[in-house]
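If you scroll down you'll find the structure; I have some questions about it.
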Amino acid sequence: MADETKKKLLNQLSESLASVDAGLVEVTRNKVLSALDDVLKRLSVERVAITNEATLIDVGVLKHLRSLEDISTMVSPAPGQDPSIYKEWKQRLADAGAGVTTALGIAAETGTILLSQLKPDQRSVSLLPTHHIVILPEIRVVPDVAALFKLWTESGATGNTVMVTGPSRTADIEKELVLGVHGPQSLTVILYS
Amino acid sequence: MVSAKKSPTVHLFIPCFVDQFYPGTGMATVRLLRNSGCEVVYEPEQTCCGQPAYNSGYRDEAAHLARRFLRLFMDAKAIVAPSASCVAMVRKHYGELGLVGEDAERWESLRTKIWELSEYLVDVLGVKKMEARFPHRVAYHTSCHGFRELGILEQPLSLLKSVKDIDLVELDDHRRCCGFGGTFAVKNSALSAAMGEDKLEAIRRSGAEVVTATDDSCLMHIGGLLSRQKQGVRTLHYAEILAGEKVEEGEE
Amino acid sequence: MSHASSPKDLKRNMKRALKTRPEIPPFKKNTRKAVDARNQRAAEWPDFEDRRKDVTSRRQKALDSLNELHVRLRKNWASNGVTVHEAVDAEEARRIVLGIVQKSGADRVLKSKSMLSEEIEINDALIAAGIESVETDLGEYIVQLRDEPPSHITMPGMHLTRVDVGKLFAEKLGVDYTEDPPALTQIARRTLRKQFLESEVGMVGVNFAVAETGHIITVTNEGNGRMVTTLPRVVIALMGWERVTQSMEDLAQLWQLLSRSATGQRASVYLNMMQGPDPENGGPEEVHVVVVDNGRRALERDEELREVLRCIRCGACLNACPVYQQVGGHPYGGVYPGPIGSVVTPALWGIRSAPDHPFASSLCGACEEVCPVSIPIPKMLLKLRQRRVDHRGWPDPEKTLWGRFRWVMDSKRIYESASGIARNAQKLWPGGGEKMVVPGWTDHRDAPVFAKKPFRTLFADSEKRRGK
């Protein structure tokens, strides 16, 4: 992608994420882990949940988190186990301070992320913990929602998944905006080049 | 302002309530059209376009009056009315009355030849300026049928803006319905009045002395509320402002 | 669980609402905020109108081929492991849902927002069977605690102030009084979180079902839609027959227009895409879809009104409606308030079920102006008015009146004579013409005064003077 276009998209993404009260941290690949540390510290996270998704492994997130002393890390269980395992996992997830996932793509126009498919289960990790942190490479920024859908259908469009735009919110009381209802109270995107 | 080539013949359609309650609007319309170089024809057989009946769900009665209207005006090359809602009735809603045969053909032909006054002046004749003077603060209320069904807004505004010494102000939420709505005003009178109250609130905030619009029906409702509450604000159809206000009986 | 009032009581309810509402009704303030937000977002797209036309045509295309789309949908559902149930009417739908819940052995259902669930009155049925039904959408949760129906499609507590909610939570939940919306929201979050985690059965409304893949789509902002489709063992999705969209590509456009029109968001926070059960990944073991007809298939065949099936329940028309802004949603009764409700209720269940709805409108067209799928609501209201008139018996004073009207307007002579009589009658009114009593009109306004001479006379006189 041409530099000019990329710059425009990133600017647009920055604005759109701000408009939905989501945080954006842009770093080079080698600074991802320290950026993650900063976010976890800022949010006072003591327990973090993570999935075995390839991107996260690739960037060394799991290994790094396990090496931290003041944060306990929980990894999502492998697929194909007894349902009671997942039930118990979700109970513990609900007490976690943050859930870390990656995403298939992010739309610049709206700040919408397309969570990866269900294997491994990114849904609960992105839903139950108090805060949600998404780590993904810059190359996965697409222009708009239509492009995000295209990405989804091109990758097979199978499975249960969700598109997420910012932290959960409501305006049900006097149309006053409140962040953090049933879903996560904050969403931070760590975008690396 | 006047096209050197043609002197178009315009057939007036003066709706029933304008005829009876606001003849000044009609006379102003005549003056404006003549000043713009038109021949003006008025066929006294005309009465009503049928909208009140249609509005109340009486399709057959409306269709009957529609057929009468179409017969009456079928040879006109241009029909102009100082009432956006009546023009919308003819241009659009006549198509929902189940007209067939000759009547349907007449409608197909006529619907391209009927205009609201400001539409005709601005879009057809290309009029840009008015000679009148009206040194008052005037608020413009955007009548719903005119705006939403016929897209009328810039035409009357542009003409009003050109009036000398006029202080034209925009009402807050000027496009919100005043609450007249035809028989709605009577059937749901408390609701209609509540909606009108909001309009009066906006009028008060604007400090206007005069309220104007494309439809005397809206002004009848707004004016009725204003005078009941002794607000000291009057209503006046924009044609009368453009034509030099009180067009005295018989004056050209 | 409180019922909405009957749609037949519309006139009475509106009168009462006008008399009893506060100085500045919350729905006036809140709807205007919503419209401003919508307009702001619409203005971001210079081609908004084109997009709207596009979405309208996609939606109409889907409606025109619903049968084929349903065939495709069912194939996909079958291969996705989704259990499909067909419900002809509300009663059957209730029976089916009850059956599923009872089979699961659960004594509580957690619900995410669904207008359809209210249409079939499922909560009452569940309660009667000893099953608790918990609304989890904040607004729905609030009105459920208050034991009253929602007053808006997408903002159920539109009619309430923060003080109302503060008092409610203090009383019903035993918490310290606060009227701070963030604090109130936290209270609801804490209270419902435990229930989410323990839930066995979740129920959700379907915004769209995608024929191309079989995905069941839920649009929410709070996250409760995700909770009830991810955590429970059994998920029940309630779907109106007409809620099918052809493809993911259609969905992309529909979703954006829906979000911008409903709340002025570029995108709702969550677009939940559920394909089927996936217990091997910690997802639900059973996913049931209950496809509900309840008058929709008959409406498909109603040439004059079938366009209303395009509706995606965004609520933009409610926000823009000057009538709704005055009285809120409760007076409309039934399930669907506002402009769309005024069409949908008589369209689905007959004009006799809601005879006054089509008339509770000034036909201003603000609704049509903001509708993302271009439903011509005023045109449909006019058609419904005709149906109402057709249903009037004979003799009927109103029919007689309009027959008279036609007779008068049919002849210049009679028209001129009748107006002359009226003019003279008004002249004799004690106190002057403006004081004349005209039932309905002069309750609040002064009467219009007949001019000394009508236009036709003035014009004729002036022509004479001109020598014409």
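Every chain is named by a letter (A, B and C) in the order it is written, and numbering of its residues begins at 1.
Quick note on the criterion: a residue touches a chain if its C-beta (ideal position, glycine included) is under 8 Å from a C-beta of that chain, and two chains touch if they have at least 3 such contacts.
On a predicted model such as this, the values are computed, not experimentally measured, just so you know.
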Starting from the Cα centroid of chain B, hunt down the chain whose centroid lies farthest away. A
Could you name the chain whose Cα mean is nearest to the mean of all protein Cα atoms here? C
Report the inter-chain centroid distance for chain A and chain B in whole angstrom, where each centroid is the mean of the CA atoms. 58
Can you compute the centre-to-centre distance for chain B and chain C, using the mean CA position of each chain? Integer Å is fine. 33
Centroid from C-alpha atoms only, then distance chain A to chain C, rounded to Å. What do you get? 35
List, in ascending order, every residue of chain C touching at least 2 other chains. none
Where chain A touches two or more other chains simultaneously, the residues are none
Sites on chain A touched by chain C in the complex: 16, 19-20, 76-77, 79-81, 83, 85-86, 89-91, 94, 109-112, 118-121, 123-124, 127, 145-146, 148-150, 152-153, 157-176, 178-184
Of all residues in chain C, which touch chain A in the complex? 26, 29-30, 33-34, 136-139, 142, 155-157, 160-162, 165, 181-182, 184-186, 188-189, 192-193, 196-197, 212-213, 215, 221-224, 226-227, 229-231, 233, 248-249, 251-253, 255-256, 263, 265-276, 278-283, 285
Help me check something: in the complex, which residues belonging to chain B touch chain C? 14, 16-27, 30, 42, 44-48, 50, 52-59, 61, 64-65, 68, 93, 96, 144-145, 148-149, 173, 175-177, 179-182, 184-196, 198, 220-221, 223-225, 227-228, 249-252
Sort out for me which residues of chain C touch chain B in the complex. 11, 14-15, 18, 32, 322-323, 326-327, 358-366, 368-369, 379, 382-389, 398-399, 402-403, 405-406, 408-412, 415, 419, 422-423, 434, 438-441, 443-451, 453-462, 465-466
